[in-house]
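Take a look at the structures listed below.
Two complexes come next, and they have one chain in common, chain A, joined by chain B in the first and chain C in the second.
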Partner chain A sequence: MSDLVNINIDGKPCAVPAGLNVIEAAKLAGVEIPHFCYHPNLQVAGSCRLCLVSIGTPARDRATGEPVLNPDGTQKIAFMPMLAISCGTKVSEGMHVVTNSPQVKAAREGVLEFLLLNHPLDCPICDKAGECKLQEYSENFGRGRSRYVEEKNAKPKKVPVAGGRIMLDAERCVLCSRCIRFCREIIGRDIFGFIRRGSKNEISVYGDDGGDSNYIMNVVDGCPVGALTEAAFRFKMRPWFMRVVNCVAPESSAGVNTNVWVRENTIYRITPRANPFVNDSWTSDSSRYEYKIVNSDLRLRRMRVDGAPCEPGYALSRAVDVLKSDPRIAVVASARQPLEEQFLLAEFASMAGAKVYAVSHLGEDDGFLVSADRTPNMRGLFVSGLIKEYPKPDLSDLAAEIRMGNIKTVLCLCEDATSLGLEEKDFKLANFVYCGVNDSLTARLAKVALAISSNFEHAGLFINRQFRLQKFDKAVCAPKGVLDFSAIAVKFINAFGASLAENPDIGQLRMRISEMCPILPKGCETGEGGVVIDSSAFASIKFPETKSLHFLDNE
Partner chain B sequence: MWISRITKRICAGGGRLEDPDLLLSIADGICGRTVCAHGEGMAWPVQSNVSKFKDEYLAKIRRQLAGEGASRLDNNSYRLI
Partner chain C sequence: MPIQERRILYRHIDVEGWNPSIDCYVKNGGYEVLKSAVSRPRAELCEEVLKSGIKGRGGAGFPMGMKWKFLDRKSGKPIYLICNADESEPGTCVDREIIYKDPHQLIEGVMCAAYAIDAKQAFIYIRGEYINGYRILINAINEARERGFVGKNICGSQYSCEINVTRGAGCYICGEETGLISSLAGMRAYPRIKPPYFPAVMGLYDCPTVVNNVKSLCWVPIIFKEGGEAVSKIGNPKDPGTYVWGVSGQVQKPGRYEIESGSATLGELLYDLCGGPLAGRSFKAVIPGGSSMKILKWGETFKVPMPDGSAREWRVEDIPLDGPSLMACGSALGSGGVIVMDNTVDMAEAMANLNAFYAHESCGQGTPCREG
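Moving on to the complex of A and B:
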């Protein structure tokens, strides 16, 4: 696959990897070939006929096999009389591709005109407008005016499918069959299908509409037009008003790359971001609604001291007092925090001489993009040196130590200790400082409860199940009175004698941890798709994830 | 579908002078570009018929436009001439 072949696209010579199809090769060469049915992660259907291009190969004499030359001595190119689909044609040495000839232009105009024959042309009230391929291609490659004066076919509109999570408007469909192929190839069963023939051909579901699948929403992202729209997002916000932030789904250790769509400090939706090494173009449905934590009622919004709300400054100084009150200290680390904060916590733990506990959150591994470890950054706890072996699913060890009087102070991060083996009486035996996103019984019982920002409100790094270091950006600002844990951790570390800069910049933090930990790249530069770090030091640890997409699948 | 609707419209007396060219253009847009051979099987007769008998199409449409074509309501109205 790594061999290069020399091809010529629109008169421009370029070298592309062998085995690519012409659409991908043209993309590398900077030429856009419009397409509907082709999707890089699905099988080629070749049904939309929009990617037709003129393809020629070097001419050879049939009898002798010698290359045929033009009169001026250059290689003669034998172009095929008919146009070929670029999605179904692989590049070969010396291939010439023409995407801007009048013939190709006429073909695209023809195909787009046919697609728009029965299209309702309802862009102003279509939720996909602005990110609709049919709209873009009609604008860029279409005729601009239809010659169709006959009556249009009417097809079903506003059909709820997938248990009402998706709305199907068959009239807008361009019959690309991506949804059919997605369900067949990725979900593994037929959910969508074509019914009727010719111009009455339409997409439909019968019986099983995929409502129980955790991946069915991917057909919405895959749909190039407004035929399949997300019921929860419909008519909430126009795509051109929103800013796209690159994030990593905190749902599980799969580390799915996501786009978070934000406008005016509000997250409207989460869609998958293609990463061919991690999640291809998909994400689970459950990871799409994790942003609800940002404005959820469960959120801890105010700092508390002894259960009474107070200002952040006072709460912080009280927390420092509590942490310094007794040297018998323990830290409960969280695999939900980004790597930078875990390193700061590790630094705090070593300065305060604290014992470190952590909790694993396990669930069922679906063998695709929701892994058994339901925390995004369990590997980070190992890399930052906080823990050495895979943690238990509860805090029974910590509870035992507290009851024996060995631990008098606990800094608990994010974990709801009361649901993990600690009882109310334990909070009287030891002083708790709770730092968390969610309000919980632990937050109410703790001596000091500090509200910290969620993973949508700060940038950070996660290490996924492949030991791939991936960075995510800050999507929205945290509510007033909520602090980044990195700022809080620096205060705690400084209280124990260090002198770190307050309110650290994320770049400085990353540079610092990459100097502390040699397996991390310098400055934690991850590039586009993340970098896999050397995991040989952790080979003996038993991780719960099982074989799934791009994980252990080469064994 | 488009071609059949245009021809039916011409038969029913609603032809326009640009329709024969439109029919040819649609057929040309299908020929050589479909994945299914039925597309060409449908387009070839249209191409040959319209290009060889275009004057007769136009004559019928002109008669219709002059108010004559629509009056022919016999059983053979599907015929073009």
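Moving on to the complex of A and C:
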């Protein structure tokens, strides 16, 4: 823990960590200081001047260095004659911050009035309305009306940038330079930039508009106003109609925290959720559209037995029959399933005496938030005890066993076995029960295909590359006729002699697995930013991820 | 007694027979200070500058010796010296004379300072509009390099330093030191936030950097030659040295006048040296130090506290020409560009003119300046 310093904000004493700037310190003290250009994960620009506050430090006698006291014996506070930017000022012992004086109020009103001079005031047709900082601050801190009667500066509108994925509306811009700093500091190259000077100053792109970057959409989230809007989301839904669900991106083992925006069982967009230990305030562009799986044409929507659609109850009972038909059984576990389901699968595997196979899905590690392991929960397979070694990228071992006649029944989770080394003839040698979100050749060849819910349709836990246990909530309901794998797994386990409660509650499941596995916190409580679990038991395993944001930082 | 000019920086300017070539400069004792300086210990030279108490001539009036002292020498990064010749404050035209008519004085100053702070590379950032000044400087540097005053092993010593002359692109903000540094590094000339971008710690290319005005650097050889103490005795001891006042506007004899700081009042400068207002007119207002300083209204009086505790009342013409006195009157010395306006000037129009300038030159970074 860092040292604390005692400061006073609006007359309220509080202790905050040393080294914080005044904005963050005030946030801890429950005081909001409005700001545009300041962003916790970017360098301080200090240009918007909205965060001006009055700052004073304990007065000291210049000659002797002795504290100067008020007549009543209290420490005298020497306030600076001019207001200071709170984003660029670090707290110091005894500092006094005043955010509610008439001087501060006047400064805020002035800045907001200035910002609205050349602003088109087109909130009714602006996609940002409702989550726009300029709107919010003008309402809370502005003076309510403008004195400006001259003509406004016209700037370019509806300029497609980033390969058409972002719309730039320079008139709405408050020139906070967050997008410029994001591209320079996080993407690592200059994409946005200022052109012109003075009140004609505007944001623009030249040549490289960032269309090939997998992180450019973060400038949309960073934009405090409606200058940069997401082309795919524009005019689809007003933010105040949507509900925000805390999720974790299933894209890779980075475990990026996301907000999923939902209205009436439809997901409209995914934005990053700040987690200073995992993804700061960012997410990859590719992770933003993963919700498309929910309504995708590729989705397995109906249960099938021998290729014919049927009711879930019948499919389940047929699946149990298949699994019990031969003791030479194998399961193919998936690193895309949440930890709770992996534990249930592990339980099933041990009761059925099944051999466990898994597949790794590898890609290029971009050194940031898309890691080499493209599954969200590979660590979960280890923690649940399903596997002991890092799996191969295919199922060739399983194929060999099937061909030798050692495996007669396979419970395959999510993996499309036909693209991983199994051939059509193997499905005649062994009986397959496939449980998956996507339809595939495997699903069509399997004896029984069970449609299960995607990671947006159930709550769960993922363990990311840092061995950080993170939970995600259910964003939408699964389509009719699609079941949670946990419900299916309980049926299978009970069929092999156990007596678990049907349709288990997520809390009960978590409590149960935390009792089974001592390295997990009680009830799998993860708190806000997730908890790092003890990974010493897995130290010898060679994971493919390379050094990137908050990963292997201090190792 | 009418006040006298005391030409120190301007000692060669407008002198009969003087030309900007190196021959002329060397013949008159030029580069002798540099020759002797490179054999003296650096700490001693820096100490002399500190002792002289000379304040930066750029406008802010920060003591030059302190600026050098703040340099981060522990980081191991190279140190850069930048000469700020982006003289873009309206009404200011003092550095221009030195660059155009006595470039070697500046080059000697730059090299002396570069040696004293152990700079790896020196830059002269010259205003884009001074295209001839740029050519003159390039030519002068080439001349000086041929004679071993610039470049490798200066004056036969172990010390080597090049001077790079960079032209601005006509932007007021490049006169601000961090803006200048951004511009010099090839970025948009946006001033940078302090902290952390104190030039002495994180300046050009994030290395420790000293940015000094042309006139400040011209003082360096004089300090080295005469000694810091001798220089500190010139003029007002609180703000030693001379100031060159570039008087423009409605006076009989506009021009540049170098006088000891505090030795004359604003009235003496305008009446005795500049010959007073044009025939049949009277003064209305004066901007003492470049257009961003506060305008003084003719006829205004200021109550100024004296060191002994008493207060004196000054009319505008009574204000002594030095930094502290002008500060006491609410204005500042700035860049030394005196703009005089007489009774024929429409003040609203004059202000609108200045406003238009600042609106046009606003870099656009901060909201109040950009939109205001």
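What we mean here is this: the second predicted complex is superposed on the first by the 553 of 555 C-alpha atoms of A that agree within 3 Å, B and C clash if a C-alpha of one lies under 4 Å from a C-alpha of the other, contacts with A are read in each partner's own complex, and residues count from 1 in each chain.
Note that in this section contacts are C-beta pairs under 8 Å (C-beta built on N, C-alpha and C of every residue); 3 or more make two chains touch, one makes a residue touch a chain.
Just so it is clear, the structure is predicted and the values come from calculations on it, not from any experiment.
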{"item": "Partner chain(s) touched by A:G46 [first = chain B, second = chain C, both, neither]", "value": "both"}
{"item": "First (chain B), second (chain C), both or neither touched by A:G56", "value": "neither"}
{"item": "First, second, both or neither for A:L115, with chain B first and chain C second", "value": "second"}
{"item": "Partner chain in contact with A:R147 - chain B first, chain C second, else both or neither", "value": "first"}
{"item": "Chain B versus chain C as contact partner of A:P239, first or second or both or neither", "value": "neither"}
{"item": "Partner chain in contact with A:F194 - chain B first, chain C second, else both or neither", "value": "second"}
{"item": "Chain B versus chain C as contact partner of A:V174, first or second or both or neither", "value": "second"}
{"item": "Chain A residues contacted in one complex by chain B, in the other by chain C", "value": "46-47, 49, 110-111, 114, 117, 198-199"}
{"item": "Residues of chain A that touch chain B when the two form their complex", "value": "46-47, 49, 52, 81-83, 85, 106-107, 109-111, 113-114, 117, 147-148, 150-151, 153, 198-199"}
{"item": "Touching residues on chain A, where the partner in the complex is chain C", "value": "44-50, 88, 110-111, 114-115, 117-118, 174-175, 177, 193-194, 196-201"}
{"item": "Chain A-facing residues of chain C, complex", "value": "171, 188, 190, 193, 195, 359-368, 370-372"}
{"item": "Residues on chain B engaged by chain A in the complex (per definition of touch)", "value": "1-2, 5-6, 9, 22, 25, 28-30, 32-35"}
